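Have a look at these structures, which come just after this line.
Next come two complexes, and both contain subunit A; in the first it sits with subunit B, in the second with subunit C.
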Partner chain A sequence: MPVTMPRMGNIHIPFKALFEGLGIDYIMPPPNTQRTMTLGTKHSPEGLCIPFKMTLGNLIEALELGADKLLVPGGYGICRLGYYFKTQAQILQDIGYSFEMIPVGVSERKFLGIMEIVRRLSNNAPWAKIVSSFRFGIAKMNALDNVERKVHRVRPVEAVRGTANRIYARAVAAIDRAPDYRGLKTAVSGSLAELDGVARNEARPMVVGITGEFYVVLEPFSNLDVENELGKLGVEVRRSTFISEWMKFSLFLNPLGINEKKRVQRAAAPYLNRDIGGDGWESVGEKVLHAGKYDGIVHLAPFTCMPEIIAQNIMPHTEEQIPVLTILCDEQLAKPGMLTRLEAFVDLLERKRRVAAGTAKAN
Partner chain B sequence: MVKVGIPRAMLYYQYYPMWQSFFRGLGAEVVVSGETNHTILVKGAARVVPDTCLPVKAFLGHVIALAAKCDYIFIPTVRSIQPKVYNCSKFLGLTDMTRMVIPESPPILDIEIDLNRGQRRLYRDIYRLGQRFTANPFKIKRAALAAWETHCLYRQLMAEHRQTPAEMMAVLFDGEKAPSPAPEPACARTLIALVGHPYLTNDRYLSHRLLERLRAAGCTVLTPEMLTGAQLKQGLEESIGQGYWTYEDEVVGAAGYYLQSGVDGIISLQAFGCGPDSLMTDTAQRQAKKLGTTPFLSLVVDEHTAESGLVTRLEAFLDMVHIRKRERQPLCR
Partner chain C sequence: MEIFLGIDVGSVSTKLAAMDCRRELVASAYMPTRGQPIEMVQRGLAEVKSKLPPDAVISGVATTGSARYLAGVIAGADLVKNEITSHAIAALHCVPGVQTVIEIGGQDSKIIIIRDGIVNDFGMNTVCAAGTGSFLDHQALRLNLGIEELSRRALTSTNPVRIAGRCTVFAESDMVHKQQIGHRTEDILLGLCQALVRNYLSNVGIGKEIKPPVVFQGGVAYNQAIVRAFREELGTEITVPQSPAIMGAFGAALLAHEEMSHNHKVSNFNGFGVVETYYHTSSFICKSCPNQCEIAQLAQNSHILARWGGRCDIWENQPDKTGP
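After this line comes the complex of A and B, so read on.
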């Protein structure tokens, strides 16, 4: 009775560690490919957003491999995400699969909910074992995000294009393989040292913030690897959304009353003063916060995403000004079109920087 | 007298009698924008990104039309009217978005309705809204209670008389005679259930006069407003169990109920890019397919929808419904 779950960025690696630690039988969906997208799109209602279609594709590919317990997000008061599992269950049943759907709360009972589910899946393993496997999973997640942060900095200034990506791919594989904390530590420190040692050019890179909807920001396949493409254009990307951060806050700190998003939400308040579900509030807030600090912002949103449409409508009207490029992600998004837009955007940022430097000199 | 503007869009069809009664009770004058037309839609659409949904574009157009005619515009934020059931982001962000994209709009009267935060908070918010007009707390309370009674009466009358919101408002406000309670429709009539949100099905421009077209074709049209809350809930529970969206009963609930009650066909009307409806219409459609008893037509509209295309599909659907009806009910011919 193998368990599976949809993919999103590197989230399958820590979950693999958790399942392996507890001896839970699992099958991870194969990496996202055009086939995943095609399968998902074919069986989804057309007006749905790309995270729904991609995750449905993942579930189908995992079911094909023999998985029959599906770990999926669920909840209420967020956006369509909370309803995904009901429609996905109907679709998969209509295709003819038999399975058990296990919704994991993303709006309430996050920590205890997931703990109980893990305990049930592991045939009532002792709590001590669950907690230690869970901790190891989180350690892997932190390790992955630390390496990724470093890659964001090195990619735009590397002397030979592609060096950072190669190191990153090796690091991800090494972290995935690491059997214990010691192996993990060696893998991380080795990769970080390797990244530090990469030959760099002298350029002062543009800094672009990445903001928008959680899934399309975190899943490179859905945004056509926009961070990598920006890096190739010599742009350093900064983003505040990382799975490890999200896990840390939503599982442990939010229940204690610590809200990491307070600052962003306060920044958005003059323009949008309430939660509108999804990440719309934060998108507006990040624009306000980053104005003047970054050169520009790339705002990623799935096509027909309700919260991000509201954010997109409000963003041009804020007093704090910074260039924003909104990229809508769906199954129709094509690389050449996106690259042209990115190049034009980066040209604009460079020109802006030159003009600013020119006026500074003239003064 | 202070003039409060209410756009004839979005939640207008569900709640206008209640709002009107409330503001009049507070001594304000209520101004409503005209029916949606091309100009209103185009003006509204020009202010927002293209993928904003059709009803929101129309709503903004109505606000622009009202801007010079009133002192305040009333845009409530309806977050939740049932425990653990929340509304679409477009409703939640409507107030803030209108404020940002229509800077010339008069001050916006805003009230956040969220029953999950408790009744006390709701009463406090209603009181605060009323304070803008009068300092007399009893007057606010009287106005609020009268408004609630009006709303209950409005809902009850619509269900009893099988009337659409526009027809019922004509009875309530223009002194037109209320029709006698509708008799059970004769089986010779073709019964068509039109499910969808009232701001689409009742807007003659956005829906391309779908309701009139169906009636002109000799059908008796049933809409979600013609059902009681309990009937809608029953339909919802049979289809999907616990609801997720605030206005889910208008689509899934109504479709679920009408599927069971035996209509000749169901037509669902949806705006392109509607987030909740992308899931809800799918659920309703799957339910209809599973039962296999009732033909189901799903119409999606946006500002590019050509009327002739819509009419052709409608005619083909009605032909099919009529043929089925003739074959199945020879006694009723």
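After this line comes the complex of A and C, so read on.
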């Protein structure tokens, strides 16, 4: 009776730690590949967004491997993603799979809801053990995000291209393997030290903020690894969304009335003063906040995502100016087209910077 | 005589521009790509060489267009630049105060917004090629007209019909319908040109502030009926440079000049000998993971020069790695 869940960035690693700590039988879907996308697209209504299609593909690939309890997000107030589990359940039944779908509330009873689900999956393990496994999972998530933040800074300035990526891949595997806090600490400090020691060039990199919809920002497969491509063009990315941060607020601080999004939403207020679902409100707010601080913004949105389309159309009209490149992510997004736009965008930022520094020539 | 060369290999046509150190165009070449980018780069180089004075020395080469990386390896480019930047640089050179660049090529169309002499924003057609040169070519062929004739005939119309321009498939069936109920060909042609302009402005130009001076580049800019439709739709004068189709290549030449004089480098140009060289291209499916990426490779005398096309970098970074 193995449990599974859709992939998104590295989120499967902390969940593995949680399941292993409690002796819960699990099967994680294989890494996202073209096959995942093809399966998901084939069984999805065409107009749905890439998060739906990719996660459906993940569930199918996990079901093929024998998983039969599907842990999926569900709830109201986010966007139509909150209802995706119902549609996905229907599709999977129609294909002929038998399974139990367990929606994890993302709108209410988040923390307690997850705790209750985990307790049931673990055959009523003692609460103390559940809490300690949960904490270890969170520790892994923090570790992953800390290493990734450092990778974002090293990648654009590494002397030998690909060095940071190699260290990062090793670090992710080591964090995944770490059996206890000591092992985790060794893995993280080792990787961070290694990243600090990477030979760097002299360049002062452009800084680009990555904003947009949660899933396409966090899942590199869905955005054709845009952060890596920007890194190769010598751009340092600053992402405001990290799973560890989101978990911290969503599970623990939001229920206490602390809203980390207040600042972003206040910044958006002159142009958009209400929630429009998804992360649209925050995308507008981040544009306002990043103006003057970063060189540019890459705005990632799933194709057909209404909140981000609204955000995209508000962004050019804010008083705070900063170049924005919107990339619509779906199964049709092709790398050469994306690279042409990224290269042109980086040229634009570089010339802007040169003019600002007064060294640009006549053209 | 110092020459800076720009090579623009697009989906439909290949363009070369040779410029001297005073940034004046000295020679150019224009030919259809016909799915043979390597051969066309070689032919283009041969043609440019024949037009250059005997004392010409190539001091810098830049490539652009969708085959810019391939062309870059063959020519030995000092700089490989995307076509958006190249077109912007060329427009700025020809019309220094330009604020908007409209570029319509064979398969893509772009808008570039320039303020105070630098690119401020740009847009490119994403999901649809409606309104690009290939579609006009196709329609001209269907009506048994030359592409120049299409433009000439359209301009004689005084009563254009309204054509649905959002999608080429529907535009074509709408054109057929209008023709079958007896509308005159020139009215249909001008209607088509207007529909393409409307489509461009509502797709590529959406959300962009189009301010004069407006420069119109790319092969489609030869079509005077489209120029007229833009002028009427935007209510402003449209400047078409002398050779709109080679502006991407000219921009690349300007960038090569900038790059070389800025960094005082010696050109990597492989020499006009590449015209005689035999290049071999092949492809294979990478089996390292289930992504099944198609990897293309370029070889010369069984020596791999470059590889492209994977989702990850394992082949791109290691041309020496033995393929399957």
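The criterion applied here is as follows: the second predicted complex is superposed on the first by the 358 of 363 C-alpha atoms of A that agree within 3 Å, B and C clash if a C-alpha of one lies under 4 Å from a C-alpha of the other, contacts with A are read in each partner's own complex, and residues count from 1 in each chain.
Please note the rule applied: a residue touches a chain if its C-beta (ideal position, glycine included) is under 8 Å from a C-beta of that chain, and two chains touch if they have at least 3 such contacts.
Everything quoted here is computed from the prediction, not taken from an experiment.
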Does the subunit A-based superposition show subunit B and subunit C clashing or fitting?
fit
Regarding the shared-chain residue A:353, is it in contact with subunit B (first), subunit C (second), both, or neither?
neither
Expressed to the nearest 10°, the angle that the Cα centres of subunit B and subunit C make at the Cα centre of subunit A is 80
Quick one: is A:162 in contact with subunit B, with subunit C, with both, or with neither? Answer first, second, both or neither.
second
Determine, under the contact definition given at the top, whether A:328 touches first (subunit B), second (subunit C), both, or neither.
both
Tell me which partner A:263 touches in the superposition: subunit B (first), subunit C (second), both or neither.
neither
Does the superposition put A:276 against subunit B (first), subunit C (second), both, or neither?
first
Taking the superposition on A as described, I'd like to know which of subunit B and subunit C A:224 touches: first, second, both or neither.
second
Pick one for A:313: touches subunit B only (first), subunit C only (second), both, or neither.
both
Tell me the contact category for A:83 with respect to subunit B and subunit C: first, second, both or neither.
first
Tell me which partner A:35 touches in the superposition: subunit B (first), subunit C (second), both or neither.
second
What's the minimum Cα gap, in whole angstrom, linking subunit B and subunit C in the superposed view?
5
For subunit A, give the residues common to its interface with subunit B and its interface with subunit C.
313, 328
Contacting residues of subunit B [partner subunit A, same complex]:
47-49, 51-53, 77, 80, 84-86, 88-90, 92-93, 96-97, 100-101, 103, 112, 240, 244-245, 270, 272-279, 281-283, 286, 300
Would you mind writing out the residues of subunit A in touch with subunit C in their complex?
30-31, 33-35, 161-162, 165, 224-225, 313, 316, 323, 328, 332, 335-337, 339-341, 343-345, 347-348, 351-352, 355, 360-363
Residue ranges of subunit C in contact with subunit A within the complex:
66, 81-85, 89, 92-93, 96, 116-122, 124, 126-127, 207, 254, 258, 289-293, 311-313, 317
Which part of subunit A faces subunit B closely enough to touch in the complex?
45-49, 76-80, 82-83, 86-87, 90, 94, 271-278, 280, 303-307, 309-310, 312-314, 317, 326, 328
